[in-house]
Amino acid sequence: MIARFQPFHYGHLNALKFCYERFGEVVVVVGMASQSHTPENPFTAGERVLMIRESLKWSGLPLDKLITVTLPTLEVSRVAVHYVKLYSPPFKHVVTLNPVIQRIFMEEGYTVVEPPRLARENYRGSIIRRLIAEGRSEWEQLVPPPVVDVIKSVDGVERIKMLYRERLPGYYATV
Amino acid sequence: MIARFQPFHYGHLNALKFCYERFGEVVVVVGMASQSHTPENPFTAGERVLMIRESLKWSGLPLDKLITVTLPTLEVSRVAVHYVKLYSPPFKHVVTLNPVIQRIFMEEGYTVVEPPRLARENYRGSIIRRLIAEGRSEWEQLVPPPVVDVIKSVDGVERIKMLYRERLPGYYATV
Amino acid sequence: MIARFQPFHYGHLNALKFCYERFGEVVVVVGMASQSHTPENPFTAGERVLMIRESLKWSGLPLDKLITVTLPTLEVSRVAVHYVKLYSPPFKHVVTLNPVIQRIFMEEGYTVVEPPRLARENYRGSIIRRLIAEGRSEWEQLVPPPVVDVIKSVDGVERIKMLYRERLPGYYATV
Amino acid sequence: MIARFQPFHYGHLNALKFCYERFGEVVVVVGMASQSHTPENPFTAGERVLMIRESLKWSGLPLDKLITVTLPTLEVSRVAVHYVKLYSPPFKHVVTLNPVIQRIFMEEGYTVVEPPRLARENYRGSIIRRLIAEGRSEWEQLVPPPVVDVIKSVDGVERIKMLYRERLPGYYATV
Amino acid sequence: MIARFQPFHYGHLNALKFCYERFGEVVVVVGMASQSHTPENPFTAGERVLMIRESLKWSGLPLDKLITVTLPTLEVSRVAVHYVKLYSPPFKHVVTLNPVIQRIFMEEGYTVVEPPRLARENYRGSIIRRLIAEGRSEWEQLVPPPVVDVIKSVDGVERIKMLYRERLPGYYATV
Amino acid sequence: MIARFQPFHYGHLNALKFCYERFGEVVVVVGMASQSHTPENPFTAGERVLMIRESLKWSGLPLDKLITVTLPTLEVSRVAVHYVKLYSPPFKHVVTLNPVIQRIFMEEGYTVVEPPRLARENYRGSIIRRLIAEGRSEWEQLVPPPVVDVIKSVDGVERIKMLYRERLPGYYATV
C-alpha cells in the first residue's frame, strides 16, 4: 500500500483493513519521506509512521503483519515503480488510492487492487490539511483518535496554519 | 537545438528543417529527460527520441545528420548552459524557441539563432497537451502523423487525461 | 541571518544593522544559492553576495564583521536547520524575517530574534521583483543604491521581465 | 538501531535481542537503502528488511515491536543524524556497532548504547561478503538460517561473486 | 548497447558492427554522461558521442541507424535498468561487455546478447587510459584513428596524465 | 582562491597573503562544504570558515577584503568551473594549488595564477590529517596557531583518529 499519509486518515485505515483481510503481510510505503514542513507534506516520515502504528493499535489490527518502508521524494517518472521494488520486500498486489500511481504500476505489469472508497470526497489529506489551516475542528472526525493525539503532541495544528500562510524556501512537491 | 518535445510538433519540425538547411549536423537536446508521467512532461525521453526520428523519416530529412542527446532535469541556473556543453559534441549555434534559454546562452557568449515561427500561438506543447486532456481531436493536426502514432501506441491520450486530473506525488518541473 | 536576498532590500539592511548593534560578528546565509534565472530567484548567489557587501560599504557598516555563507537549494524539511549548522561557524542567535524558518529553528531549540520590521508590506522581494517585471521604477526606492547599480550592471531589469513572461524548464523553488 | 545489514548476521541479531530486552519498541534503520548490486551493498533494502523480519520470526522475537525505516544513501556529514530523526518515530537511545555513527550521535547530544559484542572479528558484513565471494561456505554459520534462505532465493551467492570480480559503473559507497 | 566509452575503442567498434549486422537500429547508451575530468571518466559525454560517430563514419557504418542516448551518473542499484528504459526508445536486446550490467538486465527479464570478444585483455578503457597516463603510444593502436584525432584535438593526452597524478575533489565513480 | 581547507594550513595562508598583496578583494571558495566526518573531509564548512578567519586575524590580514563562499560537493566535470562562477561575485584571477582545478579553469578560458609554493611536500592536508591520525604532534607546526585551537575545541584530533580507523557509510569524496 502506497501513500503519503499527510495525515493518516480513515480512508487509509479502511484500505489497510481491506489489505489485512486479504493478505498475510502488508507493506506500507510512506512516500516523500524526505520532506516535511511544507503545505503538502507538513509531517515528518517518522511522525507518519507513528500515526499508522498507533491507529492500527487503536483499531485492533495486529502490528506484526505490518512492514513499514520509507521512500524519499523522487523525480516523477515511470522509474518510481522500481524504487518501490528496491525498497520493499517482494509484493504481489499494489493498493493505492492515487489513480496515477495505479496507472504506472499497471504500465509496468502489476495487478492493482482498488479498495472500496470511503466517501473519498472528504477523506483526503488535502481537505484535512485545509480544515486544519482554517481552524475548523471538523478534521478531528476524519482521522482516527491516535492521529489527533500525534498531531497535537507535535503542535501540528499551529505548524499547518503557519505553512498555509508562508512557505519555507526550497524544493517542493506539487500534489 | 534545445527543447523538451512534449510532444514533438510542427513548430519543432519546422525549426529542425531550418537547421538542416543551414548546418551540416544538428544536435537535438531532449531536455528534462529524467521526467515522465507529469502534466508538463507526460512522455519519456525515449518516447520523445522516437517521435523525433520517426517524424524526420516521414518528412524525408536524413537521419545521419541528427545527433540526439538526452539531458536530465536540472536545477534552473546559468550553469544549465554548461551542462548542454558537457553532454553535446561541440556546437556553434544555438536554436531554441524558449526566450529564457536564448537569453542564458547569450549571457554566456553564444550566438543564438531564432528559426522563423510557425504561428507559435498554436504550435506549443502546452496547448497540445491541453487539447488532448480535454478530449479534443484538433491536436492531431498540430503534430506530424508519426507522433500521433507514437502517442496512440503508448496509450498517451489516456495517460495525459489522467495526469490532468490527478498528479503523481514527487518532484515536478514547472514550465 | 538567513534569507534569499532576491534582491537585497532595505528590510534586509535594517535587519543587518540590528544585528551589527547587538553581535560581534554576523553570519549571513544566502539561501538557494544554486538557483538563478527563475522568477523567484533571478539573481545568482554571487550577485547577491555582491549586493550585500556593496550595500554595507555604502551604509558605513564594517565588512570585517560580516561572514558570508552560500547554501544550495535544499529539499524542505526540518533537516534544513542542520545544513545551516554544517555550513556556518557556530552561532547563538537566528535572525530571519520568514516565520517558517523562525519556527523550524525554534522546534530545534534555537533562540530566534525578530528584528523590528520596516513596513514589511513593501520591503519584500516578491513585491520588488513584481515592480521590476511590470516596468515600474518604484522598486529603486526599496533597495539601497548599490543594489540598483548591481542589478543594472547585469541587465537584471530585462532578465526579470523575461523571466516573468516565460520560464526556463527545470527544478524550481516555490516561495 | 542503525546498520546497513549487508547481510543481516548474528551480530545484528544479538544487538536486536539486547534492544528487545530493554526497550518497548525498536526502530531498525536500514541505511543506504537506495543502493544494491555493489560489492559493499549487494542486497536491496527490500531484501534486507526481509532478512531482518524472517530472522526475528525464526528466533521467536515478536514482530509487533519492530519498526522498520529505510534511509537512502546520504552524503556523509553530521547532518546524517538529523535525517535519521526525520525518518524515524521519536527515539531515546541509539544502538549501533559503527564507532563513527556512535560519535556523530554523541556530538549531537544523544545517548549511545553499545550492545555486548559477539566476537565482532567474524560477525562483520565485510567478512561475510568476502567469504561468499571466495566460494567458502563458512559464511552460512555467521548468519541466521532464514538469511541463508533469502540469499539463496535471490541467487545472492552468484551475485556477490560477480560483484567482487567486476563493478557496475556509477556512484558507490565506500565502507 | 551500453558502455561508458572512456574512450571508444576497437572492442566497442567490434560490438557495434555485431549489432549493425543483426538489428535494424542501434541505441547506444553513453553512461556516466555527467562526469568528466576524472581518472575513470576523463572525456565529456559530448566528446564520447563525437568519438562514436566519427568512428562509424570511418568504418563505413551508416549513421542513420545509430541512436545516441546520454545517461547521467546514477547511484548503483537494480533501478539502473529502468533509467535506461526511460531514456531510450523501446529495445529488444541488450548488448554490453560489462558482466554486472548483463546480470541486472537478466534479473529484470531481458535477453542479453554478448558480442564476440576481441581479445578483451587489451581492448579495455582502463588499459588504454593507463597507457596514455604512462606516455606510451601503444594506445593509438587500440582505438580507431578518429578517436586518436578527437583525443588529441582536446589535448586529452595531457588531461589524462594530469588526472592520474592528482584528482579533482568531488564525487567520483569507482569502476 | 579555491581549496577544501582540510584543514587550513600555512600553504593556504601563504597563498592568501600572495592574493592580498596583488588584489583588492579575495573570494575564498570552500569546496565540498556539504561533507564532514570523512577521512578526506573531517571538518565542517563552518569549522573551516572559522579557521580561515581566525588565521587571518592572527596574521594581521584585514578581514574586510575577504569574501567567503561555501560550495557543496559536486559531481566532477568541467561544469564545476561554472558552479564557482554561480556562487562567487565576479573574479578575474583564479588561485589554487590543485593542478586539475588549474587545468579546468584554463580550459574554460581563465587566467590561473600559481602562488609561490611553500615546500608543498609537507604543507598538504593529506599529510596533516595522517599525522593527526597517527598521534604525531608535528602537525601543530604545519598550521597557524588558531587552527590548532579550532581543531582542539571541536575535539578534532579524536575525530580524525576515529575516522581513519572506521568510516561512516555513505557518499564519499576521493581526493
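Each chain gets a letter, A, B, C, D, E and F, in the order it is written, and its residues are counted from 1.
The criterion applied here is as follows: a residue touches a chain if its C-beta (ideal position, glycine included) is under 8 Å from a C-beta of that chain, and two chains touch if they have at least 3 such contacts.
These numbers were taken from a predicted model, which means no experiment stands behind them.
Least step count on the touch graph, chain B to chain D: 2.
Among the remaining chains, those touching chain D as well as chain F are C, E.
When the CA atoms of chain D are superposed on chain E, the rotation angle comes to 120 degrees (nearest 5). Residue numbering shows that chain B and chain F use the same positions for more than half of their mutual interface.
Note on chain placement: the centre of chain B and the centre of chain C lie 35 Å apart, centres being C-alpha means. With centres set at the average Cα position, the gap from chain A to chain E is 42 Å. Distance between chain centres (mean CA atoms), chain B to chain E: 26 Å.
Chain contacts: chain B has residues 34, 36, 44, 73, 77-78, 83, 85-86, 171, 174 touching two or more partner chains. Contact annotation for chain pairs lists A-B, A-C, A-D, A-E, B-C, B-E, B-F, C-D, C-F, D-E, D-F, E-F, with touch applied as defined.
On the chain A side of its complex with chain D, the touching residues are 33-34, 36, 44-47, 49-50, 53, 62-65, 67-72, 83, 85-90. The residues of chain E lying in touch with chain D in their complex are 4, 31-32, 40, 73-78, 80, 98-101, 103-104, 171, 173-175.
Contacts from chain C toward chain D in the complex involve residues 77-79, 81-83, 85-86. Interface of chain E with chain F (complex): residues 34-38, 41, 44, 73, 159, 162-163, 165-172, 174.
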